[in-house]
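Here chain A shows up in two complexes: once beside chain B, once beside chain C.
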Partner chain A sequence: MTVPHLHRADQTAAPPLLRVRDLRIDFAHPRPAVEGIDVTVGRGEIVALVGESGSGKSMTARAVIGLLPRGAVATGSIELEGREVLGASEEDLRRLRGAGVAMVFQEPQTAPNPVRTVGWQLREALRAHGAVSRAEARERAVALLRQVEIPDPETRVDHYPHQLSGGQKQRVVLALALANEPSLLLADEPTTALDVTVQAEILALLGRLRDETGAGVLLITHNMGVVARLAQRVVVLREGRVVEEAPVRRLFAEPEHPYTRQLLGAVPRLPSGSEPPTLAPPPEAGASAAALRLDDVRVVYPARRGQAAFTAVDGVTFEVRRGEVVGLVGESGSGKTTLGRAAAGLLPAAAGTVHVGGADLATLSARALRGVRRGLALVPQDPAASLDPRFTVARSIAEPLDVHRVGDAASRAARVSELLDAVRLDPGLAQRRPHQLSGGQRQRVALARGLALDPTLLIADEPTSALDVSIQAEVLELFTRLQRELGFACLFVSHDLAVVHQVSDRVVVLREGLVVEQGPAERVFGAPEHDYTRRLVAAVPEPVPAEEAQARRVS
Partner chain B sequence: MTRYVLRRLPSAVLVVLAASVVIFSVIRLVPGDPVATLAGPDATPEARDAIRAELGLDEPVVVQYLQWLAAMVRLDPGQSYLVGGDISRLVREGLVNTLVLAGGALLLAVVLTLVAAVGGVLAHRRGVDTLLNGVNTAAVALPTFVTGPLLVLLFAVLLPVLPAGGTPPEGFWARPDISVQFLLMPALCLALPAAAALTRFLSEALRTELEQPYATTARALGVGRRRLVLTQALPNALPAAVTVLGVQVGTLLGGAVLVEAIFAWPGLGMLAEQAISSRDYPLVQTLLLLSVAVFVATQLLTDVVQALLDPRIRLGAS
Partner chain C sequence: MSTAAVTEVAPAEGVRARRLRWGALAHGQGLVGVVMVALVVVAGLLAPVLAPYDPTQQIPGANLAPPSAAHWLGTDEVNRDILSRVLHGIRIDLVVVFLAVPVGAALGVALGLLSPLHAWADVATQRLLDVLLAFPVLILAITATAAMGPGLRTIAVVIVLAELPIFGRLARTSVLKVRALPYVESARVMGAGETWLLRKHVLPNSLEPLTVQLAVSMSVAVFIEGAMSFLGLGVRPPDPSLGSLIKDGIRNVWEAPFFVVGPLVVVSMLVLGFLLVAQAISAQRRR
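After this line comes the complex of A and B, so read on.
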């Protein structure tokens, strides 16, 4: 990808494509969401707006396209091609949206309308900015689908969103945004919901589209790897303020602000190919029964609603030894969550056996299963959804103790404060409810709850993927420390290779329900044997600016 | 799609069968004896036994049930005890009147709902919302036996523009313009509660749809609110609204009994009222089973319409 040189001094003559000056966005909150942000985007330039949740990055984008939530008040100035956006009439804004500035949304599963065909939605986008005939609209729609590199666009144009894959849906969302040839694209976490290999494709496509159309791109993301791969200039936001702004190479080479350094430091990285894999000491094998053992396991979802039965995983064999952390990685649809649930005895195995602590789950009586479950804990992906919103933190943490009737009220209360201490939560939070906590605090509560019964096996399903990088780094560190202290075994399910690499002793790579590779983490990520693992590792966007990464790969 | 419908058939048949058992037993548990009514107070025990035997009421209950079930499957429910005549003829005459009434009410309910819900969401003004909510609450709160006489008082007595009751003397098809005049008040009376419940549901569904990510996508592309509501939010909200409409058909059937009484509308409701008060077992059973069958068929139809409206069900996953 060629990177045009921007920011030449002579460009100051014409107004930049987008100039945001002293933007403030106020809510009824104590703190304004955005407190005086300045950002400019030139034609053909890709500027990354980076920050964690609550930094105001999405609000800024929404202000640019005039879609702030109700009750938000924006002041300052947003000029698009020299025209002021703030204070424009609703009709002027409507005419601007899609034509002057368009937005690419984060969630391709929900961004398109489920009951309308792709072609219909593209036609609607075109219609919003001038009458087009049916035939013309169809022709344009097919051309747009071709532009975003959807195979067989003549057929796909008549498909509904649910008939497309996640990556194709995101291409459709891109096509919608490009329909009226906007001069500025606002891409709000455009690849966050996608698998790494698909993410790499979409990022490359975004770069090519910028080259073809000459549109400016304001890329909103929390992923430093994505920034490094695509952006030319980076604006770092924190709590509604710009803390640093720099060309991408300088930002990564010499970050000035401590927050930028912290952000970059928090990004989990894979070992680069040049480093020799340092083999971890082999975990003490074999002596006692494994904490978890799967033999030739197959899990089938029965047919329903006119859909055929679906084999989610097949012939899976691996084990988690006592005190060992095994990472289970794979892309969406690989069956990793299914496998996690089968390991916890929440889904029956259609074939093969699942042993937890030496006991075969299939042959256990309900009573014995209860005993096994006591030594097994789950840490779910989204504690906001899995913690009962009406329970206090203390009650949530104590619930496993209540269920298994461990100790009396006093000893349970003591255990709760012990656990709060273990996960480094302020005891003052014990009486709060989940909605009063931050995402990181909620995940600590979920972890404390999982540890309440001193499990021998913890099954963690994407435990940090809903968290900001710096919070993720803290939670992972806490997890590693607790694991070392308490010595529980863990099956760590995640799509994030770098995270898995950081916490796991061994790794199992899953693809379409089959194990393609397993082995020590350092070996699998450092010198992958299977072609799929190699592609997976290569697709992870490294937090190193594109050119340097290229240079490094060549040398 | 065809399989989707076929899969629902067995459970539908089962529901009708179970309902037939309940109907048959409940009717015999209600105090009262058709023989006593038929024979009159002065009849001798022998005369009563003769009547009992003639009606087949001396057979064991299970045999009576199976005979009745066989008759229903043959679509030949036999003779009425007391109301008089062939049951299938009685039902057919009543059914036409009730279908016209319920159909008119259903149509009216759908139109009122679409106008009120879509209009309210499009108007997007607090005043309009308050007004619609007020009317809505009143329509839900006022029972049919209040709105019915109220309507008669307003449009037949104070402002005599519509007939106070009855059906058009020359049948429905001879003079459609006159038939509409006869139909308007009873249908409105029957439609109001259903329309109110549906409006509340559809408005809320539309507002929820407008908060969905796809609606934000459309707005960010410059699609106007009006088009967004009509061409995107409405098609998404409709499948669920159709389900609610299907349930409302049940309410409509129940409401028809009252409305027919108020407006002297000789439909199934009036027939049922006569049949029940005279303990006319075969007639009551037939009418109840018929309404169960209609309700079950409506639910099946609802599922089909829903599948047609939602491409995710219609086409399945790729």
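After this line comes the complex of A and C, so read on.
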């Protein structure tokens, strides 16, 4: 079976750089992780392997570099420059890694060894494939850092990973991968852990590196925006099978498979500049006390041994009116999570006041605080830890009722089934424990728990950022519907501008602890006033192929 | 809605989860460990029934006799039946293992659980535990014996003091970790009080890592009892204990090399059994 793809002149003669045929990877698992995948990557080509968690995309990449976990059995064929990788000896694989294929890992925080300098790690990579003298290796290391566009490489080469920012660390990881001039780069979610503005830089760099080195890139990602920016060809995976393969423009313009369409449809988008902003009617202002009001709030993490006190948030003023959803956006380190925690009363404000439902959190007695908190709920970020692993779903949802001694056992049980129904969960799940649920189901349970006492204010800290796009779309849709029905106010903390745009009435943009801009969502994202907001909005990788996006921006 | 059906499922689910948690003890090294410990425990509990003689009874004419049909493990230098003494000696270890260790563990966990609630109390408790940890157990044992005189009570106190800081530290660490988890913070934000959080979330989720330590501590306790009695700091003659039996055996090893075998086998079984249990539980947790 041949799948049509971009043919380049040099590809017709020589075998493609990477040819994966009928790859199957089996575990002792109900279903094989990968069931017959075919992928080819040509020289200088960027192919994206797209899919949600469990689609087998990372397993495929690991098979290519011979790093399958123990107990995995791979069959089929993986040819790299005409040589078979599957079944190759460990010695052959070792020669292949680095020089033939190199891997760019996902997590720049942990990928470099923290106790060695950047230069040491680059030299180690260089020396793994042939003796290089110390001086030569250093020279080469500096050149590599220059290649990945790290400023002042002669100094940086002696730095330790913790002295670099997240984006620079990812550049170092790239330099490590490039050290032995591999012909194929495997990039496994190379920008997932980065902020959007940094992500945009790294993606641009990856593109330039491909042009310079002529290496092929197999890009593994779940982010359609990243695919659109970088890839030439896209292979869509689902449950270990290829559902669609197409050049990037065609895939985005006319996706054939329903799953691809669903995937593309699930991606939250920002309005493009050409569309006129549709202004939602603003919720009636000043009708009653705001659900949450922050006045000139400063949050300081006190000094600890050898570390000066750190002001995470300073001079922040905004309010969340009753029934309104306010999105709090910012990049990592902007203080958005800190502010969310201060609003929930988990952190004290060093200066300024936090009013919840008209009551100043700082002046309340413990008892009064508990009363105020009856109308407050938190939906945490990480679905793996948002529920007590020992509690059944029913017990988790009923916990607020138990805490505040609302009703008797029967009425609580009735409320639980009502809430399960509201978040569209099967009542049969009531006696399950969190480990028996999917991430999306867990976040629904967390949402149901938050709504148990009909709160006036819900604080949601990145409630969907750990979920797959299609699951995220469902949860967001559910959230919006419930918010409209129940009319609770919400402070929605997120780094994802498109998600915030979708759910929020108003937006507060934070940068390094300061409010940069705030206003109605449509206005802030449609016509940002502040330079930083503009950069933030521009950096969001839109699920529109690169050239078209450019064309649109020019027109 | 199918509330009736749902409540019916509940106990079955709970049982299944518990079965999973203790499943490690139903096969492989866990099972071997449980069987070893169980054999010794049963032998100790049934000592009055099983023992052919009174542990302090002196049998005329049987001085340092080798194993025979009448005396399976032989007799000691004052004509007492060693099997009877070993069986009764086990009971001392049972008290130590199943009373002193759990008491020390419970006190330690209570300290670890409560001390982080208050900054100053926390510092004070931790420094106190530092002091206790700094004492080698045997020095602690000698000091305690000097103050209280030798005896079972002293052994128990020493073991409680030795286990207290270990459990205090472990419990505190897992409490601090669990307290910062999102589900605990969610409960806090919805208005749950500190006692509610500790009782419902923190304690149950902190205890599981401690089960491994409990099994390890039990094996160490057998060891401490043996060492103390061996040094004459523990149980006073003529009462038997495994440690004092080993001491007597070593003294007579030239004339009666079989003497020390019985008590040594029992001590080894207990120590090894508890270690196997600990390993099995921790392997299960890692999975």
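In the analysis below, the second predicted complex is superposed on the first by the 545 of 555 C-alpha atoms of A that agree within 3 Å, B and C clash if a C-alpha of one lies under 4 Å from a C-alpha of the other, contacts with A are read in each partner's own complex, and residues count from 1 in each chain.
Definition applied: a residue touches a chain if its C-beta (ideal position, glycine included) is under 8 Å from a C-beta of that chain, and two chains touch if they have at least 3 such contacts.
Small disclaimer: the values here were computed from a predicted structure and weren't measured.
Q: According to the stated criteria, A:Glu399 is in contact with first (chain B), second (chain C), both, or neither; which is it?
A: second
Q: Is A:Leu176 touching anything from chain B or chain C once the two structures are fitted on A? First, second, both or neither.
A: A:Leu176: touches chain B, not chain C.
Q: Quick one: is A:Ser411 in contact with chain B, with chain C, with both, or with neither? Answer first, second, both or neither.
A: In the superposed model, A:Ser411 contacts neither chain B nor chain C.
Q: Check whether A:Gly345 is in contact with chain B, with chain C, with both or with neither, and answer first, second, both or neither.
A: After superposing on A, A:Gly345 lies in contact with chain C but is clear of chain B.
Q: Could you list which residues of chain A make contact with chain B in one structure and with chain C in the other?
A: The answer is that chain A has no such residue.
Q: Across the complex, what residues on chain A touch chain C?
A: Counting only chain A, the residues touching chain C are 344-346, 366, 369-374, 376-382, 385-390, 392, 394, 396, 399-400, 403-404, 413, 417, 427-428, 430-433, 446, 449-450, 453, 459.
Q: Can you tell me which positions in chain C touch chain A when the two form their complex?
A: Counting only chain C, the residues touching chain A are 1-3, 5-7, 9-10, 13, 17, 181-193, 196, 200-201, 204-205.
Q: Please give the residue numbers of chain A that touch chain B in the complex, ascending.
A: 65, 67, 94-99, 102-103, 105, 107, 110-116, 121, 124-125, 128-129, 159-160, 162-164, 173, 176-177, 179-180, 305-307
Q: Given the complex with chain A, which residues does chain B contribute to the contact?
A: 3-4, 7, 212-214, 216-224, 227, 231-232, 235-236, 309-313, 315-318
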